[in-house]
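I've put the structures underneath this note.
After this come two complexes, each holding chain A, first together with chain B and then together with chain C.
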Partner chain A sequence: MLKRYLGLFLIAIVVIISFLAPLIIKHNPLSQKFPSFKTPTINHPFGTDELGRDLFSRVVHGVRSSLVNALFAVSLALLAGLIVGMVSGYYGGFVDSVLMRIVDIFLAFPYILGAIVLMVVLKQSSFSVSVAIAAFLWASFARLYRASVLEVKEKDYVKAAIAMGAGDLRIMTRHILPNSVATLIVYATLGVGSAILAEAVLSFVGLGLQHPAPSLGLILSDAVNYLDRAPQMMWFPGFFLIILVLGFIMCGDGLNEYIRS
Partner chain B sequence: MNILEVNNLTIGINQNGCQFEAIRDLSFGIAKAEVAGIVGQSGAGKTLTALSIMRLLRKEAFIKKGQILYKGADLATEDMAKIRGSQIGLVYQNPFTSLNPAYKISSQLLECTGSVKEAKELLELVGLKSERIFDSYPHELSGGQCQRVCIAMAIAKQPQLLIADEPTTGLDVTIAAKIMELLVGIAKDKKISLILIGHDLGIMAKYCHRLMVFYHGSLVEEGSVNDILDKPKHSYTRKMIDCLKKPKSHYHPPTNHQLPALLEFKQVVKKFPTRRRLFRHHTLEAVDNVSFKLNEQETVGLVGESGCGKSTLANLSLGLLKPTSGDILFQGQNINGLSKEAKKQRQIIFQDPYSSLNPRMKIKKIIEEPLCIYKVGDKQARTKRVNELLELVGIAQKDAEKYPHQFSTGQQQRITIARALALNPKLVVLDEPTSSLDTSIKAQIINLLKELGERFKMSYLYISHDLAMMPLIADRIIVLYQGRIVEQGSAKDIFKNPKHSYTQLLIDSVPML
Partner chain C sequence: MLKFAFKRAAQTIFVLFGVSIILFLVMYVVVPGDPARAIAGKKADKSTIKAIHNKLGLDKPLYQQYFTYTANLAKGDLGTSYRYRRPVQEMLAEAMPATFVLALAAIIIEVILGVLAGIYAYVTKIKFIDAAITAGSAFLISVPVFWLGMILQYTFGIRLNLLPVSGNNYFTSLILPAITLSAISVAVVIRILKTSLKENQNADYLLVARAKGLSESQVLYKHQLKNALIPTITYIGMDFGALMTGAVATEIVFNWPGVGLLIRDAILERDIPVIISSILVLVVIYILFNFLVDIAYGYLNPKVRAGEKVA
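Our next item is the complex of A and B:
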């Protein structure tokens, strides 16, 4: 119970800061008009970077794009996982075997390595980052959801609906979906956390968002070169990244406890 | 002196922050070597009483006041680890879940006894061939065998008091009778006091010396079996006795048999693959060459033990399964090529009402669903029909906005009946519609079904393992044994002169007064 609310609280703080704070501190995250490597002051709460850009604005905009990209990637993966898992679990047999072998192939790739390979191939944009992350996230969603569908499929109310003459689509959407989706939602919440991390990793290695876009991964990769002169370039984006990921993971864990009780 | 004394026991339960009393001011005593029965419907506090004696209450439940004395000593101050098993034994309700599936019977028995020899003697005592059972895992045994092992474990340390909490629920009638005989026999031989807990007054009356009737957490009546059966004081006891008496005296009057056949099975065989090997396919013949007819406005009862193919027949008759060979005709048409109009005419009511209602749908939506599927009427007409149906089965219209879990099991079964009736079906398959209900509610549901069946001229295929309820509703009875029909005839004939030995066995195990 506490976990769920603490998780929501952490996410809420980060979201509020990243959407409301720019109304007070109105620096352009791209403008290079300040002196470089300034230590934090009232006007620049996080200091500035090597090109004289306000670090606070960059971090805050980076959090925003991280959140948007991760949520978009998870939604894509959720949709694909839901459809594949439902079809696979409900129809079974040959369809199930084929779909699950495809899932196996995707699961065999290490998640981030697979996304890196895909990013090399795709045109680099924030949309393709989301697609690359979703491409390797949906498979585990599909596998997990198939298991809950298999469980609910055996319930008497599903049999009753079949005996009534209900069509497949009706049984899937009215009877199976509402009773099986809870575990997937939990898993997706946890997935948002790992998608945020994945996006940061991709940008960090230079395959995600590109300069000069503000992104937590990019700021961190710049920070590596100036760790001795400007450690604030590592501390602040790193801190925000940790809080955000922790928030989603705690939220998922808490939800999991809630639906199990 | 009584071996067990319960004085003014009140048990409270904390639930979602509020507290209520599940058992109020309960007092009774158990004498040495007597067999005492506790009867009552579910939720009456029977199991709670057993658990409070063993001090095994869950943390939400607590003893509010009163005391439990075993041989004069208050159990609250005793070291229960020394009492459980060696002084008081407990046999649980579900034999399958009370044995650990990961260990062989031998190692589970050896936890209670010291030596292999003793363990084998115990198995012999409960009527099991020790060699084979000893090396088996629980899943390799039948329900009856598992329960025998549980009994062996409960008596291993020679307790002086044995509590059996519904020891035969989930077992077939014929096996249930044997388990009861075994328990009572052991109690008699070893001079153990036995507390039997059950909801079936008929069975309890047969095996107990003394009965205690529980109703809503209180002991409403107590006395010798004969006193209670002859002069019941409480209205609930009278209701239970009435339920038991009916089958013997009133047979359902046979209806007109000139009507055409509605459902016809022609030499139907259904095989299930069990194990697949490279060159051989093992199959299980769940239904073996079954032929019968169900006429319009007729009710046919299908009896047999679990695993005899009853549910397979139910699924076959609705087209949920396809027969391996043979034909199933509905209104003269093969069941595989039925028109939508004909499919509307068949409905099913399942054993467990709660699991057959979608927990995320409101009652209104559940009952409306068949109408939506077949696009009957507009929204207003459908709402009107739902209200009509609710009234028919005796559920208040204001409850239409509630969810299934807000109803009692009996009410839930009424809701599934309403749903089945929505499309005015000709045939309703009743797959053990009363077996998860309490005795007093069973009769209500059967009467409701009977009344609705006559009013709307429906045929029922009534499937059950309980022969006792059959004569109340069935015109004809078909006895199924290991996938074959061994006997069929009118309810009266079957009861008066059964021909097959299995039918005889079934009738013998029916508790009737």
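Our next item is the complex of A and C:
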């Protein structure tokens, strides 16, 4: 209970800061007009980076792009997982076997490594980053959702609908979907946390967002070279990243407990 | 048991084929630009490109190219680096030992520290330590491995100047990367072990053990721990994929000359065969490891075998 609200609270703080604070501190995250490696001051709450860009603006815009990319990636994965899981669980038999073997193949990749492979060949943009993450995230959603569909399929109201002559599509969308989607939402919430981390790792290894885009992973990958001069480049993006991920994980855990109780 | 092992083996082989198809498609079909151009350079004339196409078999139908690709993989040929014109398997063979040492060190820390601290967290009567461990492990799960590495590097390498921040020169330069790579898993192992010890504490077989007159520590080490370790071992198996991804990030932070650093350098150079083949090797190791864990698990726990038949 507490967990759910604490999670929401953490997400809310980060979102509020990243959308409202730029109204007060109006630096362009790309402009390089300030001295480099400045320690935090009132005008630059997080200091500046190696090129003299305001770190606060970069972090805040980085949080936004992390959120947008992760939400987009999870939506794509959710849609694919929902369709595959539903079809697989509802029809069973041969269709199920084929789809689940395909899912097996995608699950065989530790998903960040899979995303790295895809990013090698995709055009480097925030859209591709989301696609690459979704391409390996959907499989676990499909596997999990199939299990809920299998469970709900056996319920009496589904049998009643079949007896009344309802079509497959109607049964799937009207009867199974509303009763099975709860667990999937839990995993999607947890998935947002994983997707944020994945985006950061991709940008960190040089395959996600590219310079000079403000991205938490990218700022951190620069920070490695300037740890001795500008530790602020490590602290601030890192804290924001962790609070965001922690928020989604706690939210997901809390929702899970709520659904089970 | 044999039937179960065969079934899992067949599944594993199928998945390996699937993975090879995905990587093949990525490498030969979706690659932007022409690999022949990447090899010969931008100024190469048409006949050179054609010769390279012919040599690489790029003018053959797709399914034939795939057969050549897998046949080469089976022979241990992982392609040629665009940048260094060297066989990728040679470069991987050089980088592998460093990654292996790092991963092994991390697993050893994970098992020893995780299990000891997990038992301690269960046994301790000090509320504060219990709470700190619970909160700490919840927090650590959301920390990116590479950030943790930077924090350790900053604190112990730069601020305190105690340990080397990079390189592979001394045993001491292994300490920070290994701690970085294992820290998150250690936190999870502690939490899982503590929870499963707690869940078992009133089980009937422990009541019997206590009734026989065994001391609490005998009950714990001889009976309770054995069963409580099963979920922990499952987690350590499952965690292997995260460990490999984490190793890539950790190596980059600490300049540890393993596969992760090889991949990062290849990314900077756009050296596609090196990236794809390195990841192929990591994924294959991961799949084989999971296969062995499953077999061991089925051997230890008959329920898994039975469950496999039902599904």
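Following the convention adopted for this analysis, the second predicted complex is superposed on the first by the 261 of 261 C-alpha atoms of A that agree within 3 Å, B and C clash if a C-alpha of one lies under 4 Å from a C-alpha of the other, contacts with A are read in each partner's own complex, and residues count from 1 in each chain.
Everything that follows uses one rule, which is that contacts are C-beta pairs under 8 Å (C-beta built on N, C-alpha and C of every residue); 3 or more make two chains touch, one makes a residue touch a chain.
What you see is a predicted model; the values in this text were computed from it and never measured.
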(request) Could you check whether chain B and chain C clash or fit when both are placed on chain A? (result) fit
(request) Considering only touches as defined above, state whether A:167 meets chain B (first), chain C (second), both or neither. (result) first
(request) Check whether A:155 is in contact with chain B, with chain C, with both or with neither, and answer first, second, both or neither. (result) first
(message) Once the two complexes are aligned on chain A, which partner has more residues of chain A within touching range, chain B or chain C?
(response) C
(request) Kindly classify A:245 by the partners it touches after superposition: chain B alone (first), chain C alone (second), both, or neither? (result) second
(request) Could you look at A:15 and tell me whether it touches chain B, chain C, both or neither (first, second, both, neither)? (result) neither
(message) Can you report the vertex angle at chain A, computed from the C-alpha centres of the three chains with chain B and chain C as the arms, to the nearest 10 degrees?
(response) 90
(request) Determine, under the contact definition given at the top, whether A:201 touches first (chain B), second (chain C), both, or neither. (result) second
(message) By the touch definition at the top of the document, which applies to A:179: first (chain B), second (chain C), both, or neither?
(response) first
(message) Considering the aligned complexes, could you tell me the closest Cα pair distance between chain B and chain C in angstrom?
(response) 9
(request) Pick out the shared contact residues on chain A: the ones touching chain B in one complex and chain C in the other. (result) none
(message) Taking the touch rule as given, give the residues of chain C at its contact with chain A in the complex, in rising order.
(response) 11, 14-15, 18-19, 22-23, 26, 30-32, 138-139, 141-144, 146-147, 150-151, 153-154, 158, 165, 241-242, 244-245, 248-249, 252-253, 263-264, 267-268, 272, 275-276, 279, 282-283, 286-287, 290
(message) For a test of understanding, state which residues of chain A touch chain C in their complex under the given definition.
(response) 101-102, 104-105, 108-110, 112-114, 116-118, 120-121, 123, 193, 197, 200-201, 204-207, 220, 223-224, 227-228, 231, 234, 238, 241-242, 245-246, 249-250
(message) Can you tell me which positions in chain A touch chain B when the two form their complex?
(response) 155-157, 159-167, 170, 174-175, 178-179
(request) Please give the residue numbers of chain B that touch chain A in the complex, ascending. (result) 318, 320, 340, 343-344, 346-348, 350-352, 355-361, 369-370, 373-374, 416, 419
